[in-house]
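Look for chain A in each of the two complexes below; its partner is chain B in the first and chain C in the second.
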Partner chain A sequence: MAEAVAEAGAGVAPGAPEVPGVPGAPEVPERSRALEGVRGYGLIVAMWIRSTMTYRTSFFLATFGNATVQLLDFVAIYIMFSHVEALGGFSLPEIALLYGSCSASLGLADLLLGNTDRIGVRVRDGSLDTMLVRPVPLLAQVAADRFALRRLGRIVQGLGVLGWAVWALDVAWTPGKVLLVPVMILAGAAIFAAVMLAGAAFQFVAGDAAEVQNSFTYGGNTMLQYPPTVFGKDLLRGVTFIVPLAFVNWLPALHVLGRPDPLGLPGWVGYLSPLVAFVAFLPASLAWRAGVRSYRSTGS
Partner chain B sequence: MRQRAALYAAVAAGGFRRYATYGTATAAGVFTNTVFGFILAYTYIALWDERPGLGGYDQAQALTFVWVSQSLLAAGSLIGGGFQEEMQERIRTGDIAVDLYRPADLQAWWLAADLGRAGFQLLGRGVVPLLAGALAFPLALPVDPVRWLLFLVSVVLALVVGFAVRYLVGLSAFWLMDGTGVNMMAVVVTIFFSGMLLPLTVFPGGFGEFVRTLPWAAMLQVPLDVLLGKNAGAGGAAGALGFQACWALVLLGLGRLVQSAATRKVVVQGG
Partner chain C sequence: MGGGEVLISLDGVEKVFDVRRRVSLMRREKRQVRAVDGISFEVARGEMVGYIGPNGAGKSTTIKMLTGILTPSGGRLRVAGIDPARERMRLAHRIGVVFGQRTTLWWDLPLKDSYGLMRRMYRIPAERFARNMERCVEQLDLAELLDVPVRQLSLGQRMRGDIAAALLHDPDVLYLDEPTIGLDVVSKAKVRGFLRQLNGELGTTVLLTTHDLQDIEQLCERVMVIDHGRLMYDGPLRGLHTAGGVAESERTLVVDLERELPAISVPGARVVKVEGPRQWLAFPAGASAAPLVAAVAADYPLVDLSVREPDIEDVIARMYAGRG
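Showing the complex of A and B:
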């Protein structure tokens, strides 16, 4: 968790916008700007948690609902397995490993900066202007916007299914494979986070297009729950080399399971996820910067 | 009476136009539905390869199920969205008092607005994903125009049942103030029991039979079965539409009861 916070923080630094229209604002060194972003993020998050807790029943229902709505995908897989022995050549515990890890990753990314997709609404109704004049980096504000603690529900159910998978799987665990499981979750969260950042940047250009980003995050998650053998090779190439979703869990999990990659990539590629996450943040944060620069207010 | 009809027609047209305004959001939604359609289609192919004829569908019918579901998803507000969140906000802020003061029926007003929205989303978000699916996969779409007509009637009934349930969800805000939790649970139940997660015919044994009698089945499973011709003969189709109509009436009636209980407890502040 802490690492993922740092991950989100790392995203804050390059994206911190210059506050427009404030000439002579003191030059803040890059380092403290990052800290300031994390601090601002923390304050806004704390505010939203307090606000959520005002309606406690609703919060618990929503958290439970969030976990359940996600878990339904696994229930669907479970029902499928009441009719079949294997799907795409994978057994139920093997699919549970895929399901649990990508759920936990997406849950983590969604919790920390999932509401960046609201930026389209903010642009449309003009409230982004208010954010731009506040003395907190824009990305920190956008990421913490309406921080939804209920998303813990998704993480918890994902980790639950993952735990069951690890228990039920017949895998020869080596130290490398054991280490790979938590690394896969955190790196996966970072990859999803990069996609969310890029999606938010896209909305500066496209307007209210939150759904496009959803199809990569939630849609990607739905895809990653199933074995890669189910999908066409072109799709696999796309999510390996263009939008690197395959690194969220497919490639690490294939290595853990000792299965070959359908595209023929070697097993050690499974360890590259953290690097891929880092590389994915470069275009994402450049896009974010470009997006903020190109922003024009809708006016009064 | 004619004035009434004109009023609700105007409200429905307003609902249609309101959603038609957001072109980008609609295009983005179409994109999402198409992406999900592809992902689910691949998983269904894998499943139906293992078990041909599962749930009484062949592979083409299963794929049709996927793509038509994606097309109906936005119109039916099956995964959230729709008027109930706005209504809850109006209840929380007290604006609902103004709505109650209007010379129009609250339930009919929202029904008209929601059908207007659904009408737009049926066209705006339904047609393109289905076309994409039909181009990329072999679908079992009927050629018989009567079947399409029955399907259309079934979809309208499905939308009314969906509205009636969401109206109850919306009214819950009179007691809970914040609807986030109830909305979430409503979505969970809808996804599971409507057939969106998996066709209800795939659900095992007695449980499967039970879920096919619930109102959520009327929101998606029944229209799809009407389209796929699962209810053979005129009697079968009439039975399916009757099932939907019954649930629509029961739930709309229940909505009225809850509404009158709720409005009795409204206290309008101010002077």
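Showing the complex of A and C:
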């Protein structure tokens, strides 16, 4: 063994480097930050999934339970409709379209980076330090931290309700409208993700702002399950032009259903969701960078 | 070794924190704290340097700037030619970090899964990984622990696990922040032995902060003392003792006498401080305290006593006393 050690020593001994001045690891080539982030995210997520799957039964029970609880949520709306014909002028399948799409969107965002709301704890106890010394972008590590596959439950439920809505709706499907449904879900998830990112950034400044963030994501989700017509104009303006939650599903769904926007925006606005999601990421990622730079760690 | 190539360099580095304190319900006061106040030093490849100072002196803040966790407020800082705050991820491949107070491992995973993830994260070639694992497992005694989730490890076991994790990618520099804090004597000896071997055989540059003077005595030829964010001393440990007016590694016998007396005289020890009926006697760390206690008790009205191990704070306190 002593020999092996000596050999190992010789291999990395300073003075005989492969690259001048670099005795240890070979110089790491420049890689795109985004690619490194995706790779690191994948590595950490894979590890958590493997770790989850060691308790397979527990995982399936948790996911099933998760989906069931979510489903009961929609059952409440279903029961409500046994007493009323329409809500804000919307029928049950129309509400199901709203409900299913934003549930699937939030579920997707929540699965992919739901754990960012734990960052406040990490900022306060200083455990972010350990992530900052690893060669993976911080956001990828924070988002993948304790990746919880059981969150598939909400996505499954959302897609289920959405599937029923599409089947039950009396809509003249054009290619544009057919395309709009998946686009709506993905763009909606991206908008929720941008809100989560901004919320996470805010937690660098305000130690425990997780609840503020939740009021926009989970709170926004509850709002978007109901038709925009039941809400006041000021709220609608707020979620259209300030925090663009209306683009998650309201505006695309209104277009699919052939209904006018209460604010009087033209129908094609429903197609803008991907663009809005992209634009929302700009301030969110700037805020995130500012947050990381302002990180002060803890005393020791 | 390495022909004195400079690996770490700091030039007038500062870190200023804004501290907001609530004065009353409505009013808040903003105050600036200079945690690091213009520090300059260089560390050459292959050195093993102790970085010491009292609590709140700025040790951890310096380490955090050297790892890219914190962005300096001023000055110039380079590690292996990299500006840590700007290129944190590139630097990560070149440094290993061990925080005594918290683990860099994944709490719920068995040790070996953490190492496997590290291997992929750092893109460590399989052969190099196997070689480093073998070395760490053998020298840090990890074989039995590889299947245990980190949360079930004792402090000493976890520390060894953390040190191994910091070294799998062959870093040029290893930072250790209080690596022996809270460890028992056996674990401390194991950790120190490993670090000595690492520095001696692989030539890894080591920078460690500690409260334990023995860490420094057994490991570091060079010591830097920091207090109030400034570098107070940079040189060999022996010089520090001279500067502080203390002989090498002394323990202190604190005796409480019945009444105030002039400095007492006991063979094998000398009085370094008198305060009312309490007197401080310094004696060589290697000597036994028992005969000393007996001698004091025989000649003087002894009420109470305690023995204090040498620690950094004392040395630094005396350093100031010696100067003033």
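Worth a mention:
In this text, the second predicted complex is superposed on the first by the 269 of 300 C-alpha atoms of A that agree within 3 Å, B and C clash if a C-alpha of one lies under 4 Å from a C-alpha of the other, contacts with A are read in each partner's own complex, and residues count from 1 in each chain.
Simple rule for what comes next: contacts are C-beta pairs under 8 Å (C-beta built on N, C-alpha and C of every residue); 3 or more make two chains touch, one makes a residue touch a chain.
A quick note: this is a predicted structure, and the numbers were derived from the prediction, not measured.
In the overlay built on the shared chain, the residue A:Y226 is in contact with chain B alone; chain C does not reach it. By the touch criterion defined above, A:N66 reaches chain B but does not reach chain C. Look at A:A76: by the touch rule set out above, it reaches chain B but stays clear of chain C. In the overlay built on the shared chain, the residue A:G40 is in contact with chain C alone; chain B does not reach it.
In the superposition on chain A, A:Y295 contacts chain C only, with no contact to chain B.
In the superposition on chain A, contact of A:L179 is made with neither chain B nor chain C.
Overlap of the chain B and chain C interfaces on chain A comprises no residues.
Within the complex, the chain A residues that touch chain C are 1, 4-6, 8-9, 11-15, 21-25, 28, 33, 36, 40, 43-44, 47, 50-51, 126-127, 129-130, 132-137, 293, 295-297, 299-300.
Contacts from chain A toward chain B in the complex involve residues 54-55, 57-62, 64-66, 68-69, 72-73, 75-76, 79-80, 82-88, 120, 150, 206-212, 214-216, 219, 222-223, 226, 230-232, 235. Looking at the complex, you find that chain B touches chain A at residues 22, 24-25, 27-29, 31-32, 35-36, 38-40, 42-43, 45-47, 50-51, 54, 176-182, 184-185, 187-188, 191-192, 197-198, 202-204. Listing the residues of chain C that touch chain A in their complex gives 1-3, 5, 17, 45-46, 56, 60, 64, 67-71, 80-81, 88-90, 92-95, 97, 99, 101-104, 106, 108-109, 113, 116-117, 120-124, 131-132, 134-135, 138, 169-172, 177-178, 201-203.
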